[in-house]
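Contents: one structure, followed by commentary.
All chains are identified by letter, namely A, B, C and D, in their written order; residue positions are counted from 1 within each chain.
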Amino acid sequence: MAGSSYGTIFRVTTWGESHGKGIGAVVDGCPAGLPLSEEDIQAYLDRRKPGQSKFTTARQEGDQVEILSGVFEGKTTGTPIALEVRNKDQRSKDYGNIMDVYRPGHADYTFDQKYGFRDYRGGGRSSGRETAGRVAGGAVAAKLLESLGIRVYAYTRSIGPIEIATERMDLAERDKNRLYMPDARAALEAEAYLEQLMAEKDSSGGVVECVIEGLPAGIGEPVFEKLDANLAKAILSIGAVKGFEIGSGFGAAAMRGSENNDAFAAAGRGGASPAAVKRTNHAGGTLGGISDGSPVIFRAAFKPTPSIARPQHTVDRFGREQEIEIRGRHDPIIVPRAVVVVEAMAALTAADLLLLSMSSRLDRIQAFFGTGE
Amino acid sequence: MAGSSYGTIFRVTTWGESHGKGIGAVVDGCPAGLPLSEEDIQAYLDRRKPGQSKFTTARQEGDQVEILSGVFEGKTTGTPIALEVRNKDQRSKDYGNIMDVYRPGHADYTFDQKYGFRDYRGGGRSSGRETAGRVAGGAVAAKLLESLGIRVYAYTRSIGPIEIATERMDLAERDKNRLYMPDARAALEAEAYLEQLMAEKDSSGGVVECVIEGLPAGIGEPVFEKLDANLAKAILSIGAVKGFEIGSGFGAAAMRGSENNDAFAAAGRGGASPAAVKRTNHAGGTLGGISDGSPVIFRAAFKPTPSIARPQHTVDRFGREQEIEIRGRHDPIIVPRAVVVVEAMAALTAADLLLLSMSSRLDRIQAFFGTGE
Amino acid sequence: MAGSSYGTIFRVTTWGESHGKGIGAVVDGCPAGLPLSEEDIQAYLDRRKPGQSKFTTARQEGDQVEILSGVFEGKTTGTPIALEVRNKDQRSKDYGNIMDVYRPGHADYTFDQKYGFRDYRGGGRSSGRETAGRVAGGAVAAKLLESLGIRVYAYTRSIGPIEIATERMDLAERDKNRLYMPDARAALEAEAYLEQLMAEKDSSGGVVECVIEGLPAGIGEPVFEKLDANLAKAILSIGAVKGFEIGSGFGAAAMRGSENNDAFAAAGRGGASPAAVKRTNHAGGTLGGISDGSPVIFRAAFKPTPSIARPQHTVDRFGREQEIEIRGRHDPIIVPRAVVVVEAMAALTAADLLLLSMSSRLDRIQAFFGTGE
Amino acid sequence: MAGSSYGTIFRVTTWGESHGKGIGAVVDGCPAGLPLSEEDIQAYLDRRKPGQSKFTTARQEGDQVEILSGVFEGKTTGTPIALEVRNKDQRSKDYGNIMDVYRPGHADYTFDQKYGFRDYRGGGRSSGRETAGRVAGGAVAAKLLESLGIRVYAYTRSIGPIEIATERMDLAERDKNRLYMPDARAALEAEAYLEQLMAEKDSSGGVVECVIEGLPAGIGEPVFEKLDANLAKAILSIGAVKGFEIGSGFGAAAMRGSENNDAFAAAGRGGASPAAVKRTNHAGGTLGGISDGSPVIFRAAFKPTPSIARPQHTVDRFGREQEIEIRGRHDPIIVPRAVVVVEAMAALTAADLLLLSMSSRLDRIQAFFGTGE
């Protein structure tokens, strides 16, 4: 079944495997008139590329994106925007035991079960390289949101047991360290932790936190197309994500109503539907699955990189038990590179639901078409 | 935008408000030939109905479901199955301050922002009563899954700070207590905790855990229609859910790869794509978003019931600050009634993705149509 | 597969069989604030009901529609609108040979092939009665379009070889004769033709023509969701329709470019995208699949009613050849009752594409959200 | 709105403009294990390329397709198949008056209305060149269908007033003349007619007929996703198509039931759902929108090429009336090049509905998963 498209009226379709000819995305449904350049998209791709730190793989992807359609005289035309990154390095390699053996924690076994065989080179479609297509598409969504006063940003909240301290949080700090942590001290501790793991041929998980600022109230469609429900799907669709929570999240399950409820205060505006503001934001920016005008805040839990150099028990495709050691250099943590992937999926979700929300009220539709009384 | 349908080829569409004429669901795409009766669906609805314990509302809904189409001579015909529950009690009531005032933690404010006005009677479409449609639809999905050897069940994992102990877990115990906890001792503790909260006019959140057993390997579609991604959306679409995690979930973020990876063992079968089994199940039954043949295990975090009898600060629709006390009897916990809602959404998701997975391999399609060599 | 929903953001889902408990529709995605009553919908249903003339079946359906949700204080709330018509007459009947024998021109054989068995009572889901759900849903779409200055109307263009004369066409005449022909003389001729066919135990086909007036330019989405493409699907989804054409249609295939091209004239407005008008309308209101501001005009070809009282050769479900005579009273022509069905499908299509078109231009989106410079 | 994807589980997404960097398609949902090469796709593209006859444009597109993903070791992997044709010739040209003036019969005006501006180079996205993406995608669908014993083919049925004679029809003749007419004498007459039109600076429309052979009974989903309804949409989505009819089509509207009904005969098989055969095929292969096992036969009406070298009245984007003569060489007929486009859209539709039909019966699903009794 076709599973590589995301979104209803603002939709991205991605393609490409780790060691194929390239990776790409088609962004369809982007409104006409948005200024868009290859640089806009490259800036996002550069944030996910490897080789940025000693904790990320050395392979020089040097991904250069090309816009093949949908942009004319520097602006989107409303037609599909094809984005493409050709793979530089497709040398034939010795994939050795990877070809026949199911790596623990990877999708080798399930791809074989589902499709009967698989492109085993570097994980094929199940490789983290697939996310380049998401990021390219997400860059377009983010540009659209910016033109509407909406900003999406994410950062590393924790790496293994090391979490940022809310009181030390400083977003400017995020881009100064290679782990995308907005807390300089936590970043130092996390670096030390990761070095220790590398020495032990092990890896770590972590948590990414993401914020959507400036989203107007009223976005999200009851009852199945809620904003938080769509964000959850978007985030869980990223490989290695095992959990999603919004606002107080799992913490809310242990709380009392009197603690968790957000009181409203007047926002100072009059009119038929005056804007209220929540005094706190345990809800994380949604009520009943609809944005409430507060920042949307959610978290994604990433499992540890499954590729570790230790011997692991497994099975090959002939049903024989094997021991495997994953060779080559692998990131002990994928979280820093995943930060921009989370942003991309959040931007794609917000852009689609924002546009979908335009048809919720007859009076606004009449004003739009100039046909009301 | 149309947001009340769920599923691609096995699809449920729900309708109805808390105090309207009724609640219903249309199940479209159910394969022909499934034995189905009103009793099958009633059994699910009875599990979510209120008045089952002192912790759930006294209102006698007495929901009786009627099958209006799609079943002939006791079997589904392949055409839409319309399910309907008429509301018994639609007396005009004094909705008093609820009509104009935004209840903290409810969707009153966001519905007004989105739609310009709202059906304020009992929360209208944003009421928990909406879930009756999901449960009716989910009952059909569960029946279909059972006919294919797949079983979905859920239970209360925690209420506030009280969690079941894995070593005491006994599924038979679940239906013996009113909190749907598969641990008698935890249930007793939770009952005491809830009584204390009620005395304090407060409420509690909790966690529901759900298991899908017997799902074959190969279900879920890379890269955006993964099994876990769809489950996450399904679960977050339930009102009051603030988090979703699968397998080791948020715990995985603090783990090492060597701890979290599940080793494979041979399953004893031969052939081209032999079945392997995972020795552990930290993954929660999916690898790369595709079912791996192990039980799928996930958890949903529910926030505390927002309706509490304490005074709360808020705003009315004229922008004036108000204090509100939610009158009437409200559940101090919705988790026990939500258990069957989680099962329903899991069943709907599994049924749709299972049917969608049938087109993944040419050899199987050729065998299906009898046209291969 | 779920096939009973139509539309992307304004969506109708229908259910019900000919002799089941009822027929219904769920209209999801209707904007909030539209005045809507049961009378609005009943007026449409009354136009398709049988027993209006000697050429339509005598069965007294007396369909009374009930709105079960989605309307509060006389206006749509933005949530699903459930519409229901209970079948009055469900007496057990002797379905005799219909039960086992495949009626020529009906879907008996294909339903058995597809689903393994079928609800044989009156054709089940493949009965023309299914269209009541479409008409109920279409009535809501038409009301929405009217509130935006858009009008959809259809009429009988031909019955068998009798066609209306363009020079005599008078829309006021349409509702004065039972065949919905806007030409009194053609209506008389067609009545005589149908009486002759009835005497010969035979039936007739015909053509319905439909006009959408007031649709703004810019509706329809290249390249697969064009306005005319969606209309074609909507119309062909009506049972008994065998052809669709827009503007000069099949006639265009025999024409020259110099005849068929519509010249533009200035519409008298200035500005960056000034409105032009076409001097002729061979295109039928679309260019490149996008509405051009002219009336949209299309035609639907209906086959003759397959139920005729003459003996016909066929096969039963045991593979035995049989002769069948369709008993009971059947319309010799379904076209007059289908006129409102065509209107309904056109209205559903136009409403959905109109709302979808709102996101085509960034400048308009910025104005909508009040966020542009 | 995203409008460049077609299909539900077998889905093609196309991109590209006439004079942009390239044209492409992403085919998602193709089952794994299908042998597929660039030659398979090139063979289809070659049939739509210009310069094949004196009646088609001289521009040497020389489209060479490249498969960028989704194929490994010569077989599809089940992941998205990216197909790309780079445009050879992107020299900057003098687009002169085309840039500002709305060509009659083209989408210039409606694109400006919808999007606020347009890529005016060669028609941009509304150019016939867009169909290369459809044809590339359709080639994959046709290969899939072939592997299941299903064959799709089309031919020119008429050009202007010249129609093939059924008694002279010879499919082998189709590929011997440049007009794709399976009747040598009609082809000669049509050539003479077209030469006359060219001399008169005029153009012609025509009709394409298409046949799907080998489609099993049971394909198509009541009530909105019928086989014929989806074919109608697919065909009307092709630029220049103004009409669609299946089986006896518009002719059926003038027929009697006794003429148009297809009698059934026994097919010689026994069993619970024995195959019947229709003695005639006025229905064109569907009953109730579901395939009946007979060949599916439908026709598409193409309007005359709107680009003619005669002076035409029109308007520019500043609202000023203008006279325009379309310069350059243009085909006086697009029908011969459209034959393969019709095949492509038919194959895409049949492939998607075929796969969707697999979930219609529980007994077959149980057999598929090996879980029934």
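FYI, a residue touches a chain if its C-beta (ideal position, glycine included) is under 8 Å from a C-beta of that chain, and two chains touch if they have at least 3 such contacts.
None of the values given here were measured: they were computed from a predicted structure.
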If a chain touches subunit A and subunit B alike, it appears here: C, D
Relative to subunit D, chain with the most remote C-alpha centre: B
Between B-C and A-C, the pair with more C-beta contacts: B-C
Centroid spacing, where centroids are CA-atom means, of subunit C and subunit D in whole angstrom: 25
Distance from the mean Cα position of subunit C to that of subunit B, given in whole angstrom: 37
Chain centre separation (subunit A, subunit C; CA means) in Å: 43
Numbers and ranges of subunit A residues touching at least 2 other chains: 1-5, 8-10, 14, 29, 32-33, 78-79, 114-116, 125, 222, 356, 359-361, 363
Parts of subunit B lying in touch with subunit A, wherever the complex brings them together: 1-6, 8, 14, 102, 104-107, 109-116, 125-126, 130, 158, 160-161, 197, 202-207, 217-218, 220-226, 228-237, 239, 242-250, 252-276, 279, 282-284, 286-293, 301-308, 310, 312-315, 317-321, 356-357, 359-361, 363
Complex interface listing, subunit C residues touching subunit A: 8-10, 29, 31-34, 76, 78-79, 144, 147-149, 216, 222, 354-356, 358-366, 368-369, 371-372
Subunit C residues within the subunit B interface of the complex: 1-5, 7-11, 13-17, 20-24, 26, 28-29, 32-33, 66-70, 72, 75, 77-82, 84, 114-119, 124-125, 355
